[in-house]
Amino acid sequence: MWKKSFFDSLENLGVPSHMIKRSSIGFNDIWKPILELFQHRKIPEHGWSNFQIRQLLNVLRNLDSDKDPGSIRIGEREGRISTDILNEISGGFCHGIGRSGELTAAQPKAAGASLMQNLTNKIVLSLIKALGLPNLKAALTVPFGTGMSIGMAIRGALNYHKIDFHGKPIVLMTQIDHKSPRKGIEYIGGVLKIISGRYGENYYAKEGVFTNIEDIRNIYQSNSNKISAIVSSACFFAPRVPDNIKEIAKFAKENKIIHIINNAYGLQSPVLSKIIRQSIDAGRVDAIVQSTDKNFLTPVGGAVITSPNPDLIDTISKCYAGRASASPVVQLLVSLLSMGKKGYLSRIEIQKQNRKLLEDSLTELANEFNEHIIECNNPVSCAMSLKNVNPEKIKDLGGILYNLRVTGPRFINIHKDPFGSCTSEMKWPYVVMNAAIGVKKEHINEAVNRLKRAIKQIQ
Amino acid sequence: MWKKSFFDSLENLGVPSHMIKRSSIGFNDIWKPILELFQHRKIPEHGWSNFQIRQLLNVLRNLDSDKDPGSIRIGEREGRISTDILNEISGGFCHGIGRSGELTAAQPKAAGASLMQNLTNKIVLSLIKALGLPNLKAALTVPFGTGMSIGMAIRGALNYHKIDFHGKPIVLMTQIDHKSPRKGIEYIGGVLKIISGRYGENYYAKEGVFTNIEDIRNIYQSNSNKISAIVSSACFFAPRVPDNIKEIAKFAKENKIIHIINNAYGLQSPVLSKIIRQSIDAGRVDAIVQSTDKNFLTPVGGAVITSPNPDLIDTISKCYAGRASASPVVQLLVSLLSMGKKGYLSRIEIQKQNRKLLEDSLTELANEFNEHIIECNNPVSCAMSLKNVNPEKIKDLGGILYNLRVTGPRFINIHKDPFGSCTSEMKWPYVVMNAAIGVKKEHINEAVNRLKRAIKQIQ
Amino acid sequence: MWKKSFFDSLENLGVPSHMIKRSSIGFNDIWKPILELFQHRKIPEHGWSNFQIRQLLNVLRNLDSDKDPGSIRIGEREGRISTDILNEISGGFCHGIGRSGELTAAQPKAAGASLMQNLTNKIVLSLIKALGLPNLKAALTVPFGTGMSIGMAIRGALNYHKIDFHGKPIVLMTQIDHKSPRKGIEYIGGVLKIISGRYGENYYAKEGVFTNIEDIRNIYQSNSNKISAIVSSACFFAPRVPDNIKEIAKFAKENKIIHIINNAYGLQSPVLSKIIRQSIDAGRVDAIVQSTDKNFLTPVGGAVITSPNPDLIDTISKCYAGRASASPVVQLLVSLLSMGKKGYLSRIEIQKQNRKLLEDSLTELANEFNEHIIECNNPVSCAMSLKNVNPEKIKDLGGILYNLRVTGPRFINIHKDPFGSCTSEMKWPYVVMNAAIGVKKEHINEAVNRLKRAIKQIQ
Amino acid sequence: MWKKSFFDSLENLGVPSHMIKRSSIGFNDIWKPILELFQHRKIPEHGWSNFQIRQLLNVLRNLDSDKDPGSIRIGEREGRISTDILNEISGGFCHGIGRSGELTAAQPKAAGASLMQNLTNKIVLSLIKALGLPNLKAALTVPFGTGMSIGMAIRGALNYHKIDFHGKPIVLMTQIDHKSPRKGIEYIGGVLKIISGRYGENYYAKEGVFTNIEDIRNIYQSNSNKISAIVSSACFFAPRVPDNIKEIAKFAKENKIIHIINNAYGLQSPVLSKIIRQSIDAGRVDAIVQSTDKNFLTPVGGAVITSPNPDLIDTISKCYAGRASASPVVQLLVSLLSMGKKGYLSRIEIQKQNRKLLEDSLTELANEFNEHIIECNNPVSCAMSLKNVNPEKIKDLGGILYNLRVTGPRFINIHKDPFGSCTSEMKWPYVVMNAAIGVKKEHINEAVNRLKRAIKQIQ
């Protein structure tokens, strides 16, 4: 990466040549991965040091015109900032990403940010493929979360397929009790039809909340001709199980409707990746949406839309109006480089162990209070019944845990409000906890301990 | 802000009491503005030091649960990050802002980010009011640019007024040749009708591109009953002049249609603020959209939606699907604090001087080449005719300037493509340059110099 | 630390009171250790987060006058700096430490730096006492290494005891083949007399290089009346063993001469601390000098002078001429806080394991090449004979390892130059390696591997 | 500096070649000065950006072995640090500078720090030469202030000239009432003889405190044969004027004694540089000592020793015992690069204006209170008599100003203690203020205002 003339210029500065030569070896070892990243454009095997990450950002941001010391900038927006702190808290990409025409278009004022974005999309795609999804062909990092991204994917797919009814597009979605995807669909002007969840033995597990492909067919038929898209879900809190995505993909193919998979935090689970890979092979999957923070340990605010069809990704990127904040993209890049492929795979391994630990600990707790674990095999979370707890006091449990500084557990008291359970067929209240990627073992142990304390307190 | 017990604890550490007492005066002077900001919740008179800005961010981010050293986090998303660099390049707000229900809802895991967002909205509103718009009542900082924000404002206004046709909403827009607002409207499912620009003497200036209220009425009548909204424009590149917004506001009121003003970079201009203030008083203005980077010198990626109606802002904030990246919001906060009210007003003053300098310099250039300045009084940009330049060579001019490291000038060769001129009535090609807020005087001089060189080169 | 009025000022900013209350718990947990440090003035049990360390530095540096936004500075030196980077790379203490009168005097322009320095001295003393030296009563962090510090300790002790011959002070020193202590003594105008090392069975180990108390007595007698001080050594590379410091202390007491212990990197070894503690109790020890980087993992450039006599430390601090760089002091403070007492003790534990690993690995190597480990029980380093290596090629071994990127091993080829062995009685060449505090287990394994490769290469 | 292969590797990442080519121009402009610095090794014309300074430090520090990711470190000190904050607050040079043999020797473990040190010494020399001292041939940056450095310069010169009396070296010094130089000389074992200051008309100014060459000769004769060195002073607070250094240089040459000039903050004054240049030409000047913070706006803690004799500088560097903190050196480097030659010269220009402003303002004040300005032409400070102030209340004046947050003015009440006036011949009390390099015009105005307020208050 560095010219010989640079090392030559260090001669005769009081340091013998053999020392400089020896030092240059370590020096080059630091810089080599940066050059290789540009050459190979995929996730590095090993995580990078903070220094290397910062240097990559330096290199990229200094290709933007606002960093060019000789530039004359006479436009209405030129990446001018009021204080250098803004360079720090934005990663230094003041021009954002994209241009008015397209989210991924090269911005003439921001070659660096444009390269950064392309690189990030290639790197995240290389990792996702390695996670068991080799049949994906393109990835787009977008500057908002899964809810907005599901909307954007549908909007792009409508454009791609030139579906342009006079009326609003109708979108089916299997029931997950989460407001964001619903709002994301309404945001782009879609009309939502929910396929209600059911409870019982199912295609995935001995018990759990699932959706029925027959229910989907029925709703489809009663809205015939006008359904534009269906959104299926790979992951939600236990006792919800993944949708039967393979069947939904076949159904979408048969009926020529757009199929988007909500895979919000599913990339951490090889089981879910396998289901999605098989669905792509067996039927129609237009695009898959996943959160950057839930899967890749970034701050909240980004998502990755992937697809087996690179042209569709291209059209999706074109429906975004104008330039966007570079922050969610650069944050993803930084996170991926800091972990590397091996670092990510080892975190998946730990997640698997933690998921088992969570179930084992909750099982013990359940035995003590005559409750049971719902056997739904959710790869991230685990739900325990609260059938023997006074229903009037379940809300208190949440408050007690909050005061014990436990965040994340959800208490669903179906006697008050079934929202959260994704069905109206649930039989008992329950609590659900997550062993998501990045959680620490001690947090799992301690959360179960404090839950125990809380239950005892209200008895 | 700091307890007396803290200063007491410094006693007997080898430093005499009177020295500690004296030091505490300067110490408190540093911290006082931070406390006052929380108390007064408006833009400070004077810009803050970098240290003060960083401390405010420290205070806020340490109220988020991911910074709580004693918290047990067992949810699927907990602001976990892979490397501390992510804290730096995000401002440290790993939980983002909002919750699934609403962009401005308090996020229980992120009290700090929630406070930060509320504070930012209050501070930016206080500044905008001081800029000549006291009749605004609420502001919302959104995590995307003006194009997407115009869409979001329309989506929110449709929800607020419960306008829910079976078909898609039809949106009128006065012609500005910029793709983002168009795409922003289509993104939310709107159908766009453009009111073509005209060229000539008009309500605002001796000459320039303008829109005609009669044209609006005509289009409205031919689409009667089904128009949901109209988007007017306060600012675009010369020779475009501001729309006759007051008349459009009256028209919107009469016909009960939503009226959004695209004020992308208009806050830097007291003239435009006056027009908008009068329009609000005279007719109907639902919301006004402005870019954070173009007006407030942040990195690209945010916008502020303001309104005389706080309930509407509330509904707009509720239509966003899920949490969002905190970056555009914290970047705005930092920029505003670094400038303070006085700093911003002085930048406006300099902009005015620069705008005059730009016109004077271009006039001189025009005289030299038998061209003329289009007298459209655009408060930011200035356009010079290129009627005597060989039309085949106008494109080359852009290339030459690009290679001379000048970014921002736009060459509109109406003989090839009128896009950019906002009309089909323009008579000659022209070049337009901007004296936008934050530009340096030397850049204006040098840009005109290099333009001169470029014109000579192609002669 | 934070007033109630601060938390009150967060009310009505869109975040419910109970959330603010909950957040303030974590917030206060972050700040609590800072207040406690000022109150208790000893090393914290647990290491601090980077944030906490940075906040402590912020608090302290903002008590210096160059940070006071309201100060008027009209002196010839006012902590003015040309760029803010200087604040970063100095820890922000632009006024340095001390005043012309004394290294530890409170500087009226720098209350913060003065507090910082006092705090550091108290904290490092608290740790050193906990390491097995409760009979120490004061510590002084000085802005240079052990060599210069030995000189300073002698200069201060001469002043303290008002020893003022017309001629230069004569200083005895047991032989350690290291230039710095010698130069440190000559720097202050001392005349050095070395007590030669001997090789064989001794008061400390079965074999090794040691010094003989009889030799000391002999030299003393032949210079009678004019010896001012003696410097003994607690630590040097194997096969050197610690001096018989207890006997030297008794000797110093009997003869009323100043006794300084060079304990350069000895604090990492409980064995050495025990020897020093017993020496203080049994005889005369004026001061003990230890490196900050070798013991406490700071950058090079500081030392800590400790003493059972606080008045002596006071006089030593007074002999330094003028203010000094605050860097070595703040670097020590930061390092101690980042580790905490438990963190330091656990590093000592690991050092002990690594020392054993080093000996085990080298023993295996020695067996393979018919060499042996010198059984001198050096607590940090381990020496292996090279009696079967061609003496002409020993120098090459060093070069090969340097090119294999191994730094730190020392090859002493007594056939060429006995310097390094601290004696003229050594029988064979040898190599010595260190398992010093902070070294990684893998480095030990890999260093021995590469040594093996190097030996094979020259065979 | 960057290989073509790097820019080639950016191709086909979504950004057209011509954009990359254009971006690389600005990119190279950022890096070019860094390469040029290594090639030219003198102070750059223009100050560098923070980014450039940080990159230079990155380049250098990554040549140190503790940054080499592939190194195996098995020594007792290896630049190991406990937390990365230490890299930040040390500039990243964990190995310090020098080795046991010499302060400027290349340290095999720290090629980067060694280069950094050599570069700094060359750069500071190039600037000092340009300030009017072309007859200097070498500069050494030392890690302590002027007092200690005067001692070190004498110690080195004694070694260089192999002056080795059995007794202690006797050092003459012209009277300046500052403890540091005195202590610096005593630190190295010197015996100090002060040549008392006189008051009146003199070789330099109409009035002021000066030293008399005859007094020097007298003292010399009464101590004949045993004087090793003389220390003269170029700068001290008014009413002290510079020594008659040219005569002292001649005297030193005649009598073959070492001559060190204390030029603590004199480099900011072309007048003083001229005096020193002429002295070197006319007689004997061994070394000149100047503070880095007082002249070059660094944090306190460094000095530069310069000499017309490079071999002497070499010997001085060799008398330091062991490695030293790199902080004072890297701080000087950063400061010089941030200013550049032009930046430094413009600060000198401003200093001159400020000095005039100070005298004008004080003159006005003096007129008001029937005091007068002492006409001693001190190039930095200005003294005003306090003959009409009640002597009992002069101390109060200092206290009042301290509480008014004014630091730096000195009140010398000769009726209580003449220390500070450098003579016993002064007639009235006075106050002295400094217009030193880096001070702001507003501070001068405000300091005089507050002094006026203080005088009125005690009347």
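Chains: A, B, C and D, in written order; residue numbering restarts at 1 for each.
Everything that follows uses one rule, which is that a contact is a pair of C-beta atoms (placed from the backbone, for glycine too) under 8 Å apart; a residue touches a chain by one contact, two chains touch by 3 or more.
Predicted, not measured: the structure shown is a model, and the values here were computed from it.
K.L.:
Any idea whether A-C or B-C has more C-beta pairs in contact?
P.N.:
Most contacts of the two pairs: B-C.
K.L.:
Among all chains, whose Cα centre is located farthest from the one for subunit B?
P.N.:
Taking each chain's C-alpha mean as its centre, the farthest from subunit B is C.
K.L.:
Could you work out how far the Cα centre of subunit A sits from that of subunit B, in whole Å?
P.N.:
Between these chains, centre-to-centre, one finds 29 Å.
K.L.:
Mind checking the centre-to-centre distance between subunit B and subunit C? Centres are C-alpha means, answer in whole Å.
P.N.:
Each chain's C-alpha centroid was found; their separation is 57 Å.
K.L.:
Distance from the CA centroid of subunit A to that of subunit C, rounded to the nearest Å?
P.N.:
Subunit A and subunit C have C-alpha centres separated by 49 Å.
K.L.:
At least two partner chains per residue is the criterion; list those residues in subunit A.
P.N.:
22, 25-26, 50, 65, 68, 70-71, 84, 108, 402, 405
K.L.:
Show which residues of subunit D lie in contact with subunit B when the two form their complex.
P.N.:
Checking each residue of subunit D against subunit B gives 22, 25-26, 402-403, 405.
K.L.:
Write out the stretch or stretches of subunit D touching subunit C in their complex.
P.N.:
50, 53-54, 65, 68, 70-86, 88-91, 93-96, 100-101, 108-109, 143-148, 150-152, 155, 166-169, 178-184, 186-190, 237, 265, 291, 293-294, 296-302, 319-328, 330-331, 334-335, 338-339, 343, 380-381, 402, 404-409, 433-436, 438-439, 443-444, 446-447, 450
K.L.:
For the complex, which residues does subunit C have touching subunit B?
P.N.:
1-3, 5-6, 9-10, 13-16, 19-20, 22-27, 29-30, 35, 38-39, 41, 49-51, 55, 58, 62-65, 67-71, 84, 104, 106, 108, 111-112, 114-115, 117-119, 122
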